[in-house]
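Next come two complexes, and both contain chain A; in the first it sits with chain B, in the second with chain C.
Right after this comes the complex of A and B.
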């Protein structure tokens, strides 16, 4: 992987930047060039809220090579307080305690290391909200 | 549009085929289909393959496979829609014949998945998901279907036994298919005690890594009549996409692309799901078969699992599903799967299914549903006896 593929994602992964459609108000994460709801092409940058709740989850037991050292790990889809849904790991808790409806908060963490380039990729993970 | 028929089919044994390459597998299936149909030439061919590049380092498959089939200067195209590449190849062959651009077209699919490590295969398959917003975070393919399974369980109370019943039923059927990768029966207990991959999905909830190829010959109904071989009519075709990322969908307990593709196919055929006698559906994971049954309108949301448990979709049930053994038992060489589904529908409609898995109900209408990724694309085809 070339570093460009990693740093191109910094606005989303480091700063949780979403695009808010200036016409219909739909919030898109990641930001896009055209709104799938109304077709408008003008957006303003808006930061995602950092809390939400788990809609569904799983525990990955057979992991890809970049993640074998942390398996088993939980992956969840959470809906944030502004309605945006996203996928990330849910960490800092026993995987057996993860539940649908659980309240989570977003934290900035190291996600993976590219085996060939050695690039450390950072981004967002969910943690229990009470944590 | 011209009326189009399937006049012949061919496929390889599915499995870990160590002594055959991608090109060997493809040519074996293609020659089988050509001989089976009785045609003396093909005007063009469409190849469905998800990732020749990642699995065996080979792209430009139209050129290579036409070359090894021994046909010079043939219009040969490769199409890709992840695990729905085979269904897409079939649809494009149908469009080409129906439009009048060509009279005899081969729809085909191939995947050679065992020439790389399990980790390499996991990577290749995960390219069907959103690389930066799902796979980056450690989501795997079983993981994405597990997310759907948990959502389905939460909403409808779907049980562990309902999931296991899908795998057991498909192995019962696959045990009768000489081309199946795993032609043997399994028990509910075996499924429920197999190793966990992504909760709640265990290894026996998952379709395997498979080498294999399948091909079918499409031509006009008029030419099919003259060939004098058994043929079936293609009366409906539907194709639809959905968001690439699972989390972007309004409802994660249904496969909306399958619903839309089926609606289009039914409209084209002038039929509804009630007119269909049996189906091959994309059971890449046990939960997928249950969700697709509901997405096709065969059962109300949340009701399909109970129907599988009751045997309603077994070989002798009121609506048999995956008489071939499905992806679970027959195997899932991703690019070939959509074409292999058509092979089974053809055999059932022409009374040629082997080893006693021929439906006794004298079926007239069959449906094939093939999907890519976590449901980011679906193809539905309806075939009928001539």
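Right after this comes the complex of A and C.
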């Protein structure tokens, strides 16, 4: 992970900034240059809500090298309260308890570590919504 | 400049916990002795994807919820006090500021003063607001504390963060005054490139923690002309369960005054987060008009004293974010020592 590449992701990874089409209102995450629904090119920035429900998920037991410390872990697609579907790791829970329909909250977490001396990448993960 | 103080406050704690018995079992130590001696039962543990920056961001989000929709672009300073900043060179505050949309018109610095770094951030933010240099200042105390395997510190070194937005309007708690007390006292240190801190055993008590904590509390009370009975609550730095209770009682405070902010028996020592998190827990149950004495302690050594007066706005905002006791007591995930060792990178692996 190069630091410049990580830096380009900040708006969406740090602040969940989506693009809302000024013509048809479709919310796109990540933001795009052209609306796939109406073809418009003008967007306004909208922050995604921080809660949703799991639509589907899978459990990773044989993890890529940078994620072996947290295996097994779940990757979920959740539908947020505004209808946007988001994919992220689902952490702070036993993978055997993850269910479709389970309520989740988005938390700011370390998403990747470039070995022992490289850049630390931050972003969003799901956690069970318990309060 | 008129009144200054806290506009929003928030806390964040990891859900993972390890019990004193689980650590003592590995080192052949006597768990009941540690539990009684330190007045500790368990401590929080950060998972591998959680560090001072992530805890700070989540605590700040809770502070913003209670701050009533302030424009984050108007936060003119961010200071994070910690002794576990994830980078040796790269500011934690820059990432937190970016995550809440407070860049680029903002002053940022990471503070260090052992466990006092969080209250330093509060102290400086209050000063800048009072001077009229900034509209809002974000002060954070947070740590994912280190304790060497087998050392007494391992039973207490915990994780958590508290965030405070300081300002001059819509206050939750007014800052009545502040006072600092400091000497060069080498009771606890960590040299460059060392992973774990070292401490001077019993020397960390009387000439260090108690002298500075009580010195700051007495100096603070003298400065504002108040005595222990004049305060509704008192919060002290809590390296374990025993020290803050003893310091408070030496000063003349009652257990009832200290209990709302006395979290260390089940939280452990969150270092720079300790007394700031205790303050969040106290604000969670405070009523308008209550007065709170807060005294931090950082090895090396020094203490910052604060006197807060809670305003009517507390009733409007306390439940706009999760309460600290809820994070401390509910939905916990208990882990064994092996998992703890993996989470805290105590096992040497190939790169």
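Here is the rule we go by: the second predicted complex is superposed on the first by the 126 of 131 C-alpha atoms of A that agree within 3 Å, B and C clash if a C-alpha of one lies under 4 Å from a C-alpha of the other, contacts with A are read in each partner's own complex, and residues count from 1 in each chain.
Following the convention adopted for this analysis, a residue touches a chain if its C-beta (ideal position, glycine included) is under 8 Å from a C-beta of that chain, and two chains touch if they have at least 3 such contacts.
In this text the structure is predicted, and so the values were computed from the model without any measurement.
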item	value
Chain A as common anchor, with chain B and chain C clashing or fitting	fit
Chain touching more of chain A, residue-wise (chain B, chain C)	B
First, second, both or neither for A:108, with chain B first and chain C second	second
Superposed model, angle subtended at chain A by chain C and chain B (C-alpha, nearest 10 degrees)	150
Partner chain(s) touched by A:69 [first = chain B, second = chain C, both, neither]	second
First (chain B), second (chain C), both or neither touched by A:27	neither
Touched partner set for A:57, first chain B, second chain C, both or neither	first
Chain B versus chain C as contact partner of A:9, first or second or both or neither	first
First, second, both or neither for A:86, with chain B first and chain C second	first
Three-chain overlay, closest Cα atoms of chain B and chain C, distance in Å	12
Chain A residues contacted in one complex by chain B, in the other by chain C	70, 111, 125
Of chain C, residues touching chain A in the complex	15-16, 47-51, 53-54, 57-58, 61, 86-87, 95, 98-101, 322, 326, 330-331, 333, 342, 351
Residue numbers on chain A that touch chain C, as the complex places them	10, 14-15, 69-70, 91-92, 107-111, 115-116, 120, 122, 125, 128, 130-131
Chain B contact footprint on chain A (complex, rising order)	9, 30, 55-67, 70, 73, 75, 77, 85-89, 100, 111-112, 121, 123, 125
Residues of chain B touching chain A in the complex	119, 122-123, 126, 132-140, 142-143, 146-151, 154, 195-201, 245-248, 252
